[in-house]
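The structures considered in this document are given below.
Presented sequentially are two complexes of chain A, the first with chain B as partner and the second with chain C.
Our next item is the complex of A and B:
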């Protein structure tokens, strides 16, 4: 073995501590085997914003020279294992640091492994993951994405389970014994250690062959050179918007054609156009000007722009008129209003099923259902 | 002077820490009395770690978050005058905003130690490394050092107080750390125990210059042409004396800690028989060393010289290291619009340093890695190719080249 590189793809702020725990533990475990390593977050990803896809790396080598050889390129060009701690990022990621969509498996070596925490079956995940010409392996840790805040950490053992699984799928990195010893050194409790052990015992891999997966071509963008760039640090304003879908009626703001925010999203709004009272609050409050005004005066959230913050849901005065739903439920960014126009009944069925499923799960990746949700949650936890 | 008995750092330990954490730990080990802060990336990570160490009881200090960089540097300047060991830092335009205070700190011969987390100067807003921020103090009496690893950041900070607070010097010291590559990457670092640090770094004693009611003095009166030139001459002499004090401090460091670099001034990598020597500062060393190892395998005689102290400039050592090669390629992570040959800051200083030599290598200037852009092995190869071409043809076609810039 020369060097082994692992990347953790995570959602900014919500999963920062989780990612840090994982990459640091990898280096500590490698130390137990006399290896040397480094752990770092992509500088370009920060300062992180809520939910934005970001990366941290752990690189482990036998000798300092080998490590240096690998670090000659600061950001790894390929990794042995990609760990994705939120399955909605299987659709691809666009960070602060670059324009354009990167497939989640972009850096995963041929024959390497993509570990994903997910409740979806492998087949559903593979539908989202971009196809490539070399095979790789997929390993699923059955769980919902673990989200917390900047100053708090949800200690739900996700880090332990990932580290256990990692030792199984990448034995070249470190043995489970070394990992356990390193974790113990850091004061990890026996209960948590047993989570790592269980994940190690249970983890399996499924090969993903060339040709399997999404055929979508990820959107990209050419950066201008210094000769073609406008001087004086000037960026021309984009054209004002116009009618809905280029027509005479409604209004659709023009948007930056090269920067799409949707990969930041782990939930998306689903709108009940029949109960909407056209109060304009969602349109007004959306931080990303996502709402297109339809010819009939309704508000259609544009899914190329939506970062999934949930503000529209919490400001909407009509109960269940806007519901944030797990992003994993969707396969495209198509217009909800157009679907509703085409067939109001099927739309209603589809929407109701999604909303009920979301409400039954009771799980939100982040944010609150309505204004005042935070105070309510604190009160509830105090009472219980 | 606080003398805190801390529970942490009682034995030497290995830690997985970033360059910023290493600097913060050095503050705790050195038992710094007054630390001031004002957030700006990438320096802000140091203040995060300092406040955590303080909260954890690793050391006690007056930790003051000021309302601006200017005040931040004013506070340590004054604290240093009354005899407190001080630490401060900033990045990019934050460092520039404090420039008035930074300038007088050297003028008043106050041994403030600062960390500069190198960052591009706004506008345009960018967080990545460029060296122009720290380089702005190169003429002002600040010692200026570029580190390449987290270990070197910790060690250099300890050395910085040692050198700066030496009464023969009494000059401020800036530890320059490349934003991101150093400030935000975690590496294994040996953290010495605080007994050894105390042995190496006794309390700061400002002696007769201490501003104190028992020692009534006036600091910084108005002076005009009658006085100023002599004062400048003194500062120049202090910088000259620093060139003696620095090697002494490094020797003592080795004695106390049992490790340390062969030369305080420069790091040489495969320069001995090199026909082409590349020169640069900071974390650039890493891709350059990797490229050189690969070129050596192909039989190309290439070496690398890392300049550690930019001020005082290691004229003698650099002359010795570069007098035998045929071509020198200086890779600047900075720019100096309109300078001689439109070369980088390091390039022009280096070329001036070599001028008195009988025999000059061909000297080429390269600007690379601005705003945090990665310097890749292929970029280094391009630099080497251009140097080789100059050797083969005996002439320099282009004195200054921007590397990996989109046309």
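Our next item is the complex of A and C:
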């Protein structure tokens, strides 16, 4: 072994503390074995934005020279293990400092492992993950994505479970004993250590063969070189919008073609067009200008630009007219209004099923709600 | 003084213009209320508008990496210089039109700054801009109560006791930001008696916001609008509450909605009904306990916070605006 690299793909701000706990613990554990390592966040992701996918890395080497050699590159080009702490990012990640969408497994070495926290079965996750020509392994930690904000951490042991599983799928990195010893040094409680042990005992890997997975080609753009940039760093503005879908009526804004923002979304609005009273509040209060105004005065959320904040759901005065549904339920970014226009009955059935499923699953935690809220959420998840 | 555009007051939320001049594809957080400020601001101002932005979230998140969500012309300016950029742009437009290099027409000039750029660093430049009453311009401060772009450092606008990168609560010292929020808009209104329009608003009240921008752009001369922006990143809450927390900030009496038009103060929305005694202020605890940045506060801290807000309503000369009064003669 020379060096082992691990990346943690996480949702900016919400999962920053979680990601930091993981990469730091890896380095501390490596030191227990006489190795040397470093943990760092990707430069381009800072300053982080709520929800926008970001990365942190841990690199562990036998000697300082080997470590330096790896740190000489701007960011890791290949990793042994990719850890994804929110399964909706399996659809691809668009960093705010990057052009285009990158597959979640882009840096995973051939034969490497992708660890995902998810309640979905492997087959459903693989449908989302972009296909590639080299095999890799998928390892699922059954849990709901852990979200907390900048100041209060939701301590639901997700970091422990990931570290336990990591020692199992990548024995070259560190042994479980070293990991446990390093965690103990940091003052980790026995209850938390047992979560790491359980994850180690239970984790399995499912090989993903070339050709399995989503056939979608991730959107990409040409990065402008310095010669193609305009004098004074002028950036061309966005065109003015016009009628809905190019027609005369309604309104549809033109949008930034090189940053789409949908990979920031972990929930999306599902609209009941039949109960909509056209009050305009969802459209008016959307910070992302994502609602198109249809000729009949309804509002169709554009799924390429919706980042899933949920403001539309909370300002809507009609009960259940807009419902935020887990992004994992969807396989495309198609227009809901068009589907409803095409076949109102099947749209209604589809929508009702989704809303009922979401309501049964309970609220998907999306950060801080009130003082003591995380403790309640953790207690509820233990009950279920 | 050059003429102003015809931007009538909007009657009813359904009559807010449909055209967008700040569109999708910006790199702000989920539920960013400041992005909504940008969007509604240019929506109210219309197509013939130039926007200038000092450094902050609304510069970095919107226009880095060689792409933009702006439809109208936009230019970056340095952290402390929203005031000077606005005056300079308005003066340049006037000069170009006078020399016949541009068609004579009223063009809106709006410069925005965050609380770091406006309440802290750019205050002197804003003051200078408000003195030059020959130019029509609007300076809008989107106040998310910290240097949110660079990961939440304390600004002069950060509330007492809030957690931030510069004021992390510890075991010995729980309250690390001991400064009360700066009273910016009344300071600018009182300090520039020739300024025709100073207002406070919040994008949670879309119609109030739209009409205040329009009044600021049409009244003539330099104007200032201070906007209260919930920030899901720095305040630490689920982004779907952005709208609700904006309203709670006003309903608890922490933030007062008003406009000062030609030297006359008018309270608006819930602030008006609170002042008239029609509506009770909600307890600030409802607002504080919904945000991670106040999660460390004890009952005594909340009591202190409440007393400070009560004082601003009950003891100040002009409630919520002017803290001092004349000493009564014996």
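Annotations for the structure displayed:
We adopt the following convention: the second predicted complex is superposed on the first by the 365 of 384 C-alpha atoms of A that agree within 3 Å, B and C clash if a C-alpha of one lies under 4 Å from a C-alpha of the other, contacts with A are read in each partner's own complex, and residues count from 1 in each chain.
Everything below uses one rule, namely that contacts are C-beta pairs under 8 Å (C-beta built on N, C-alpha and C of every residue); 3 or more make two chains touch, one makes a residue touch a chain.
The structure displayed is predicted, hence computed values, not measured ones.
Partners chain B and chain C fit side by side in the overlay (superposition on chain A).
Of the two partner chains, neither chain B nor chain C is touched by A:319. Contacts of A:225 after superposition on the shared chain: chain B is touched, whereas chain C is not. Contacts of A:40 after superposition: chain B is touched, whereas chain C is not reached. When the two complexes are overlaid on their common chain A, residue A:290 makes contact with chain C while staying clear of chain B.
Look at A:241: by the touch rule set out above, it reaches chain C but stays clear of chain B.
In the superposition on chain A, A:142 makes contact with neither chain B nor chain C.
In the superposed model, the angle subtended at the C-alpha centre of chain A by the C-alpha centres of chain B and chain C comes to 70 degrees, rounded to the nearest 10. Contact with neither chain B nor chain C is seen for A:211 once the two complexes are overlaid on the shared chain. Of the two partner chains, neither chain B nor chain C is touched by A:110.
More residues of chain A are in touch with C than with the other of chain B and chain C. With chain A fitted onto itself, chain B and chain C come no nearer than 5 Å, counting C-alpha atoms only. Comparing the two complexes, residues 46-47, 224 of chain A contact chain B in one case and chain C in the other. Across the complex, chain A meets chain B through its residues 24, 27-28, 31, 36-41, 43-44, 46-47, 65, 68-69, 71-75, 223-227, 233. On chain A, the positions that touch chain C within their shared complex are 12-13, 46-52, 96-99, 149-152, 224, 229, 235-241, 251, 253-261, 264, 278-281, 284-290, 293, 302, 304-305, 307-311, 313-315, 324, 365-371.
Those residues of chain C lying in contact with chain A across their complex are 13-14, 16, 18-33, 35-36, 39-40, 47, 60-61, 63-74, 149-152, 163, 203-204, 206, 232-234, 236-244, 289-293, 295. Only residues 14, 16, 18, 41-42, 123-124, 127-128, 179-181, 184-188, 286-287, 289-291, 293, 372, 374, 376-377, 405-407 of chain B touch chain A when the two sit together in their complex.
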